[in-house]
Amino acid sequence: MAQIEKKKGILDRLDAGEVVIGDGGYVMALERRGYVKAGHWTTEAAVEHPEAVRQLHREFLRAGANVMETFTFYSSDEKLNISGNIANVTGQQINEAACDIAREVANEGDALVAGAVSQTPCYVNNKNENEVKAIVKKQMDVFVKKNVDFLIAEFFEHVEEAEWAVQVLKTSGKPVAATLCIAPQGDRHGVPPGDCAVRLVKAGAQIVGVNCHLDPMCAVKTVKLMKEGLEAAHLKAHLMIQPLGFHTPECNHRGYISLPEFPFALEARAMNRWDMQKYAREAYNAGIRYIGGCCGFEPYHIRALAEELAPERGFLPPASEKHGMWGNALANHHKPWIKERATREYWENLRPASGRPLCPSMAIPAE
Amino acid sequence: MAQIEKKKGILDRLDAGEVVIGDGGYVMALERRGYVKAGHWTTEAAVEHPEAVRQLHREFLRAGANVMETFTFYSSDEKLNISGNIANVTGQQINEAACDIAREVANEGDALVAGAVSQTPCYVNNKNENEVKAIVKKQMDVFVKKNVDFLIAEFFEHVEEAEWAVQVLKTSGKPVAATLCIAPQGDRHGVPPGDCAVRLVKAGAQIVGVNCHLDPMCAVKTVKLMKEGLEAAHLKAHLMIQPLGFHTPECNHRGYISLPEFPFALEARAMNRWDMQKYAREAYNAGIRYIGGCCGFEPYHIRALAEELAPERGFLPPASEKHGMWGNALANHHKPWIKERATREYWENLRPASGRPLCPSMAIPAE
Amino acid sequence: MAQIEKKKGILDRLDAGEVVIGDGGYVMALERRGYVKAGHWTTEAAVEHPEAVRQLHREFLRAGANVMETFTFYSSDEKLNISGNIANVTGQQINEAACDIAREVANEGDALVAGAVSQTPCYVNNKNENEVKAIVKKQMDVFVKKNVDFLIAEFFEHVEEAEWAVQVLKTSGKPVAATLCIAPQGDRHGVPPGDCAVRLVKAGAQIVGVNCHLDPMCAVKTVKLMKEGLEAAHLKAHLMIQPLGFHTPECNHRGYISLPEFPFALEARAMNRWDMQKYAREAYNAGIRYIGGCCGFEPYHIRALAEELAPERGFLPPASEKHGMWGNALANHHKPWIKERATREYWENLRPASGRPLCPSMAIPAE
Amino acid sequence: MAQIEKKKGILDRLDAGEVVIGDGGYVMALERRGYVKAGHWTTEAAVEHPEAVRQLHREFLRAGANVMETFTFYSSDEKLNISGNIANVTGQQINEAACDIAREVANEGDALVAGAVSQTPCYVNNKNENEVKAIVKKQMDVFVKKNVDFLIAEFFEHVEEAEWAVQVLKTSGKPVAATLCIAPQGDRHGVPPGDCAVRLVKAGAQIVGVNCHLDPMCAVKTVKLMKEGLEAAHLKAHLMIQPLGFHTPECNHRGYISLPEFPFALEARAMNRWDMQKYAREAYNAGIRYIGGCCGFEPYHIRALAEELAPERGFLPPASEKHGMWGNALANHHKPWIKERATREYWENLRPASGRPLCPSMAIPAE
């Protein structure tokens, strides 16, 4: 696909009512591919194994993503040191490499580059506003230098820290999105989602929502509460959602980290493509227009979002060349019982078995 | 990693009692990455998107695989035509491109290239031996020209067709492995696994076993029956196993194709890394030394095999730099309940929940 | 056991801080014994098959129940006619026979007789206060004539109707208990449990709580809300609970009637004796002192309540002569793995399997 | 129902091709009612609480049972002593009382009385044929004195001990049935079901089959193997089945005793009435004509057998006056979603939820 001369910015797209498909989760997908260490979740692979990061970006692009988030999760020097900095690279190196990779792939299609910052370990330790802001600024400076298209403050458990991050990111002059990893119960200090949204918008975010920690059904519910909070405060902002790709019906306010299966036995909870189509529809119906994923989302999950919303968007993503809608590539199968699976009705009504008769369907979250 | 000057061949390794780690399943992994069409399962991506195929090979290599199977499943002109040949490429083009990619990545580490042929649609239609053999020969000619290290005849449901394939492959002078996708009940004509193994060895295979269709527990059982058959016939051969990465306790002789979840809702059945370690140990204890995977195996599953058998092999795979054995990277986690998960005991005893309270644990297979 | 000369009344017991063990559900237990028609749930068996009703009363008495509720559920002429009055008996006949049976068995131990009235079909049809009150009065007149020890208005979905019933029952001069079959969400008009409790006490009930419709965990939660409501209103009343003997974690405000398994496939949800001990402890800890059961409670479930609260009560029920606490009768079993089950730890931690791999763990309630 | 002057004997019925409905399990049902001690499973309640035993007999009779088995399980002096003889009664007293109760209730309908003997603890201890036979004879002498209609040797794990019992019972001149509590794998010495059946018939049994230990699906399978064994040996006998009322899909040759839920947490495995109708049909189709139940069978389960086979038998049991076939009593329910449940299709296709999301669907049997 040829490079698009001048791409429409994120706010132009959302203001025009377009659906923006986000990308999926990088750290967990690359952990399974062998490039990220679970427990650390740092992104030194941007420097060490750029081909692996690039390939995953490309797969999300093919799947229909309009945004390439830089692979910069937890990539401050502070966090790298806590995790032992096994690769001996600086945050600056990672952030620069990640920007270059994201831009290279974004140029292969109609995608924007978003520079992403996330919560800092120092916030929970000392709540030092200056320290937090300095860490955010350090990452942002690279994003500005590399001229990303917009910025995302994501994976914040406390709205206060997210506000600080937004305040820093606003100084760049670029559009700012902010997503919290919270449940309908509110942030970790008990601030309800509606209040969180109001505070983030007042801090300067033009796009607000949630990411990670909980499954799509729960995340849509939280964003709805954010929307109600904004309406009650007569504020306007675009809504964004990037939930887990795992079923977490029993999660409490802590999210999936509290599940006994985190992080090495979540397989049985993985959502399938039909679950994702249902999620995309519910998010859309809730008025959310920036719809993506986080941990657990593989490229085909993002494709499912793009396919579900193809009627609204007017086109299918590139990777749909390798996918029949609702299983229609099975229509010519020589086995009759497979042939019968080439329908929407079949897949929408299927209750998939786990193949694990010794396992329960739900767990007790920690605490 | 520098290229190894002169690698030890597959038979030398097995004769020496080494454990050979196989790679995982390409078509299903690449389907989820957006490069293969489910229902067709053809491999034109070797020509269209070589970077995607190369990256997956590389991930299996990093995970510890000693073999790079060419991405040539179902890639005969016959099968491409049945599937509509959506990419307009010839079998010859695919097979050549796939060999080049496999060799390129194999050269990055200690891996061999195996040229792979599989069952032909024409066998079930007319059982014409000449036609089947001609199709196999056409693929093999490319493998010989590209000088692969050995050959695999895999995914055969009927031992008779596999025998024909082995007879053709033997003419190459290269080592030949043969795996059937059968259950303990035997092949689709009811030939028991022990008899199947005897026939394959008599046809010329030096390595025999099973691949795909059933989960590791079932596959180990089938290979054990093969071993017993060979022993009873006073024949010798190396044993090989490349099962599904899905739990399929209820499968009948048809395998997972008969499950209602095939192929678009198998997520809940996916095995985790600890399941894989258990499988590797059981396969090893059964005397199998070529141990890999098929559909459902992602790179971290292969890594789990290599990690479980590291004591026997004497080394860890490259991707273990990004993995703590038995979750030990969690030992410094700041959340105490996560810290407690840094033990073998925790993960071995966990019965992971599916997060799907509306779903059953087992399904009724078709037929 | 010889008849007790003069038994302590219900209020004397509760005022003294004693635990009163209620009986279990009659209609569902007798449906399974062949004497009640599901769908009708009328109690003509009191006239037709008194020996069956007497035996069930006796089993609850042996299990430790301090109250024999008259077998008079839904036994108004109005409801009998709606159900076709298949037995051709009058409400008066049923109510009289039920009182006689309950008294006969109560005299065999330390139990009181409670005359029970329940919701009327006419309430939902026309909300005619006079009509409802007339039906209640007709039943009550029998109870007064037969000199029951106290009265219970139970299984009301609307607090308004329950208030009317209490107002009528108060005219008898006997102690009055009132239980609603509501969820924490409140009654069917949305009146919260706290408000319901206040209204029932103001109407004259000395004992208030919930019965039927939801499982013990949910029921305890509802009674706690009632308690909070009473405390906020500076009212005093004794608390009572008679929940389902089925696990209903997914129930909405309608209760188990909305579950797809109602009423003929609830078996898999049946609680065991250890579940019941846990329930008894939680109810006690919540300050509830009249603790019994409803549909799904068999005699051994009531015994489990009495056994759990034996330390507080100072004695075991008669039927404990045929029961070892926490499985201790297994301690001498000749099979070692059965022997190991003779501990509290074993049974408290067991997660019992359903033996139904094709079935889900939860259902979607109607509406 | 008036007493039948002269009832048709068990062999006359079976020879005429009639379906004989057996009764259900007494010890487990009476354990739950508070009259039998689990772990001991002795039947002193026949002396202590005859009204409770009588009532359960009557419920099975109303449900359609044509046989009243004497409540004499494990009621030898030997077993009573091992269990501590908590009631201080002799085996003779129990056996006499049990015969009187069974006869009294049998006279209320069209039922025969069967005197039942079961395995002896001394068999596994010393295999002393004389001792075993003496114990059996002692019980049989009471049955002869009380003039039961026929005799059953049941719950034998070793065919050898069952043969000895049959040899003794034959001396009475009464018809003899013999049932083993074995799996399709055979008896505890590995004798296959077909051989077991042959040996029992050669020992003198006119009716052979299985009881207890495994669920109906498994039990039907075992009886089919018995039938095949008899046919191969050109022997003739009537077939009988009295399986568990619990789902035990994972049971090994030891039966449900090896399940972790035995005996105090089996609730979730309880079969419902529709499961029972399916079982009755399968047993009938397998050529079995004496069809009843064992542990876990409540009266309504027996009624379900009689209802399923009503077309063949030409009549419904008395308790069907309180039961609508396939839920038809719900047809006039005022709630529309309950009304829809008044069909066979609804109940046959329902996959009932357990309400236990923390529990698995299957367990690992001991050993």
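Letters are used for the chains, namely A, B, C and D, taken in the order the chains are written, and counting of residues starts over at 1 for each.
One rule holds for everything that comes next: a residue touches a chain if its C-beta (ideal position, glycine included) is under 8 Å from a C-beta of that chain, and two chains touch if they have at least 3 such contacts.
By chain, UniProt protein names: A, B, C, D = Hcy-binding domain-containing protein.
The model shown is predicted, which means the values in this text are computed figures rather than measured ones.
Number of steps on the shortest path from chain A to chain C, with steps defined by chain touch: 1. Judged by contacting C-beta pairs, the busier of the interfaces A-B and B-C is A-B. The chain with its Cα centroid farthest from the Cα centroid of chain D is A.
Rounded to a whole number, the gap between the C-alpha centres of chain B and chain D is 50 angstrom. If you average the CA atoms of chain A and of chain B, the two centres end up 32 Å from each other.
The geometric centre of chain B is 59 Å away from that of chain C, both derived from CA atoms. Shared interface positions of chain C, defined as residues touching 2 or more other chains, are 250, 351, 356-363. Note for the complex: chain B touches chain D at residues 351, 357, 360-362.
Those residues of chain D lying in contact with chain A across their complex are 250, 356-364. Taken together, the chain B residues at the contact with chain A in this complex read 31-40, 45, 51-52, 55, 58-59, 62-63, 86, 121, 215, 246-250, 257-262, 264-274, 298-300, 303, 318-319, 321-324, 327, 329-330, 332-335, 337-338, 341, 347, 350-363, 366-367.
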